[in-house]
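Which chain is which? They are A, B, C and D, in the order written, and residues in each are numbered from 1.
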Amino acid sequence: MIVITEAGIPQSILDALREHLEERGVRTHVSRGTDRVVVGCIGDTSQLDAGAVSRWPGVASVVPVRTPYRLASREFRAAPTLVPLGDAAGTTLGEQRIVVAAGPCSVENAAMLLETAHGVREHGAAMLRGGAFKPRTSPWAFQGLGVQGLALLADARAATGLPVVTEVMDPRHVDLVAEHADMLQIGARNMQNYPLLAEVGRVRRPILLKRGLSATITELLLAAEHIMARGNELVVLCERGIRTYETATRNTLDVAAIPVLKRETHLPVIVDPSHAGGRADLVAPLAFAAIAAGADGLIIEVHPRPGEALSDGDQSLTLDAFGALMRSLAGFAEAAGRTLVPANRTTRVA
Amino acid sequence: MIVITEAGIPQSILDALREHLEERGVRTHVSRGTDRVVVGCIGDTSQLDAGAVSRWPGVASVVPVRTPYRLASREFRAAPTLVPLGDAAGTTLGEQRIVVAAGPCSVENAAMLLETAHGVREHGAAMLRGGAFKPRTSPWAFQGLGVQGLALLADARAATGLPVVTEVMDPRHVDLVAEHADMLQIGARNMQNYPLLAEVGRVRRPILLKRGLSATITELLLAAEHIMARGNELVVLCERGIRTYETATRNTLDVAAIPVLKRETHLPVIVDPSHAGGRADLVAPLAFAAIAAGADGLIIEVHPRPGEALSDGDQSLTLDAFGALMRSLAGFAEAAGRTLVPANRTTRVA
Amino acid sequence: MIVITEAGIPQSILDALREHLEERGVRTHVSRGTDRVVVGCIGDTSQLDAGAVSRWPGVASVVPVRTPYRLASREFRAAPTLVPLGDAAGTTLGEQRIVVAAGPCSVENAAMLLETAHGVREHGAAMLRGGAFKPRTSPWAFQGLGVQGLALLADARAATGLPVVTEVMDPRHVDLVAEHADMLQIGARNMQNYPLLAEVGRVRRPILLKRGLSATITELLLAAEHIMARGNELVVLCERGIRTYETATRNTLDVAAIPVLKRETHLPVIVDPSHAGGRADLVAPLAFAAIAAGADGLIIEVHPRPGEALSDGDQSLTLDAFGALMRSLAGFAEAAGRTLVPANRTTRVA
Amino acid sequence: MIVITEAGIPQSILDALREHLEERGVRTHVSRGTDRVVVGCIGDTSQLDAGAVSRWPGVASVVPVRTPYRLASREFRAAPTLVPLGDAAGTTLGEQRIVVAAGPCSVENAAMLLETAHGVREHGAAMLRGGAFKPRTSPWAFQGLGVQGLALLADARAATGLPVVTEVMDPRHVDLVAEHADMLQIGARNMQNYPLLAEVGRVRRPILLKRGLSATITELLLAAEHIMARGNELVVLCERGIRTYETATRNTLDVAAIPVLKRETHLPVIVDPSHAGGRADLVAPLAFAAIAAGADGLIIEVHPRPGEALSDGDQSLTLDAFGALMRSLAGFAEAAGRTLVPANRTTRVA
């Protein structure tokens, strides 16, 4: 249940209203907009009398929640959530500009990371991606550089001005990763790792939450809800392909998830065409499709020499291929009423 | 195995080559291009000696086939197959122009069909779709008007000039449907109905072959191969969503199937965003995504009053919504290097 | 809606009741039990007044149908349907005895078929399976012996006394196959081939209906309903594995479908462990699991020399392996309160 | 690569062999059997010369590993791994006796837990299950009693003698849970939570590893490998249903995974029929099927009053229903060549 109040509700009435609600067994969550205050009721709402609450002074309306998620729902917040990337220009994700994060699957060494970072920046990427802690299906595969990889990412950030997104897998590493990165990624395998979601719910960094391998759209939103319930409402959702019977592609990009999510939630939605298809030749068409379907951004694997990559070489683009993708993407962004370049930037991308 | 000959190979040598091959247990299939002749070897090729064949006079090269399909493969025919729609203007599917077929799920009566046909034509549709024979999961649901529906489609064709595509389910109805329609549709449930595929392989009409509910891309191409092996090489492939665990949508549009198919086959590829999502609000974004990913066309359910439709009302667009979709689609078509209107037509669509 | 009448309802009242119902737009279907008559109302029941009907003389109760299928539902017929196999002993499927059909994937020639038929009979099979018309994913693969295969099956039947089940794919072949076989199989690819279902709904032979590759349990029951609605109520349902992402097995045996189906329908349920797993080493454990879960029978691929089989060699059992399976199966049948041998037969099986 | 040595290989040669191997870039893992020593080579084996190694003194054979997992493979250890439950009687999982763990989904309070523990023990359960830390899809649902729940489980263990299995979700809780429980469960959502797998790889407790919602069998074995690579080789695998499109059941029990796993690995395999079906009426048939297919045990949700359960009430059995299941299960265990009761116990179960 969500209680929406009129603009000028006195604080004393608001306090009394929350006390009234909490005595009936729910927790309350207050969200202040410019012209109204929204009080979300969380937990077992069966003891609440919606009719009685709607007659309180200053209460404009009482809305039952038709979804299992609340904080993530459009009913709770109609306006889109804008997520600042953390760069000097103050770029935000969720606005008109399409945001593209690009970089290697794994941070391998300083030289390749810097080469990639400069390259993707030149082609219009707004953010650098790169894995320091790598979840690997086999314990015998390369597991990432760990802390050293974080330091290299911070160096690349300093050198290029690109904010950095990287994965965190262990709740004990959340503070450490948050010190080095601008955005923390929760990987698909950890979408329902609740202790980890709780930890990233406590930090002051936006979270990139990837959809689990066979998670429903509702489960993705509930995973976001786990983070938001701890206080961190800057969650970016990422569709990255789901597991199906089809073997021609690594996963099946659920492109319909984009418009479904945009309708259900105020959170921004981006797409990972690299993991979705698992093939370099599919990255561009899937990226175009994602933007056409309404995505707010992309996250793309780029490697200077994919044939030498320690992980995910098959699906990584060369810098040249990434440049070509970005040039073609501009037209699709425009058709979608979006733009690929910052408002104040001339058309180096094109 | 595919044998590619030089341009001026004498007929006598070609005949001898085929005899040589067929004596070793395969059937041969000859395809003449402007500057070469391609001889496909079908069946058990284990007794063939590729090296020996490559030394025949006039033989340019011998290509082993790496795919289970042959006639449908890019190796067999590199150039895209162009499928004529059958209209007076000579429109073909598979060229630069994006072709949109639109119309009701079921033909319900003459008035609604004519109203829809005129409406979709006005908004830029190149073809009219409509079901006369309807496959329905329940035997107690409306099964279509049958022969009467075919006559109404022919009437709508005469009134609007739009060529007609409609489904055939029964091998005994193939000739009848071919008399009334310009293109015959094989529905998803019948993708592996081999007697039906064999029958439509014998008619002189293009075939719209929809991907089965959980068919792989390879199986879709093998179903096309069943048709082509009987002599009808005008097959249009249709991605219409596959069955997954996700319940927010009726099916999951496998948008990656489009570029995968375009790489594997010379046959044109269209998308049915209506069945893929199963929701009217998803038709436009899925249509945009399909064109962005490289589809050659779309097939869309439109009904003057979806709330009164006898089938699939939830996923049908109104005529107004279809018009809006077509106007927005033009930008995505342009970004994809395609066009939505015929070359000789002014911009009534915009 | 189903109307259940008292035992002695006069025919005149029954006739009047049906006329009353049909005037309101439904078709009626009458099923006579020993102590009551059940009238099923098929089609749009919205114009019926259940309360009024329940007050007719001789009407015991009026049951709304909660499932999309009616004739196949437990509400329509509570007692299990018993399906006669057509052998001299009058064996029926759906009773205490577990019925095992066994034989080759394809009928290849007279010698191998007779060798297999005698062998499986010796080990306790009650029925011979074998494909004459084979649905094959590729048009270039062996398609079966066709009419000649039917004749060989009839010969094997005459030689061994085993009734025969074989697949029919084409509605134009239904009468022909019905002349040669005791039970007609609808393969997984044709589960929703409605013209074919309609044709087999008209013959006087039991139908073995295999679940489609990704059909839901409800869709399987609705496919049975298509057959039953035409008058043939002797339908045997077959779980044969569904398509999932798992690649260790050809399909995933949905063993839970067995108890779900037994609860939903009065029709007998058998399992095909050969196609479910696609591996000879999995046939026995899957067969044991199927019987443990409540299946009424099994259909198993057996070939004298699987390495030489023209199709499905990987999943075919040798005769020895089939014999071993049957010996072990007896214990599981007993634990399930069933038996593997006819009542009047001594324990040659064990 | 796995090096198998003869029985009496001197320690000095073994040490030299390991040094030789590790100099070429692999880690080695030594496993001592009664009559041989097995040296597993972990990591990049491309620099090893198998032929040269096979000629070392005392080396019996060198086996290339055909699977991505090594420690979990049958090649690495042919004999079944026996997992001690930790009870006074010294029961082990993986032997002839079928082991059944039973108990509530969540520990709710002392009274219900004790009632359940005594009840399931009376009916033949060898182990008590119960959740203290509960992974819940929604952050607003009951999350378990946490530490208090662990204490209640330890109390129930003391009162009944039943060893306890409970889930751990947070790597920081592993030591705490290991103090209270005899076996630690990794839930399906955490099957690829690598920091958690690493932590439980370090404790001296057997691990119950549940298959992820859409994990392949290979991925399940690789998750076990993550635990074993840290030193804990007592891993029990649990098939608990996979996610498919079918909606009649909560998940689809992949019963074929049991024989596939038994062939691939030496680790014991149990089945959770409660989560697989998600319906109380399906627990018994799925349990029977699991044992028929070769499972070593079961884990079943039992609640004294399922209608009052705080979680998973729909799939919990009453104590009476659990007793009935155990009585019927004995026959299936016997047919599988197993037993449901300890060797030294009279037939209270029957």
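A few remarks follow.
The rule we apply is simple: a contact is a pair of C-beta atoms (placed from the backbone, for glycine too) under 8 Å apart; a residue touches a chain by one contact, two chains touch by 3 or more.
Computed from a predicted model, the values in this text were never measured in an experiment.
Between B-C and A-C, more C-beta contact pairs are found at B-C. Taking the CA centroid of subunit B as reference, the farthest chain centroid is that of D. Subunit B and subunit C, compared by their mean Cα positions, are separated by 35 Å.
Rounded to a whole number, the gap between the C-alpha centres of subunit A and subunit C is 50 angstrom. Looking at subunit C, one finds that residues 214, 243-245, 247 touch two or more other chains.
For subunit A in complex with subunit C, the touching residues are 214, 243-245, 247. Subunit C makes touch with subunit B in their complex at residues 42-43, 68-70, 135-140, 169-172, 189-190, 192-196, 212-214, 219, 222, 225-226, 229, 243.
Contacts from subunit B toward subunit A in the complex involve residues 214, 216-218, 242, 244-249, 252-260, 263, 276-277, 281-282, 285-286, 288-294, 328, 331-332, 334-336.
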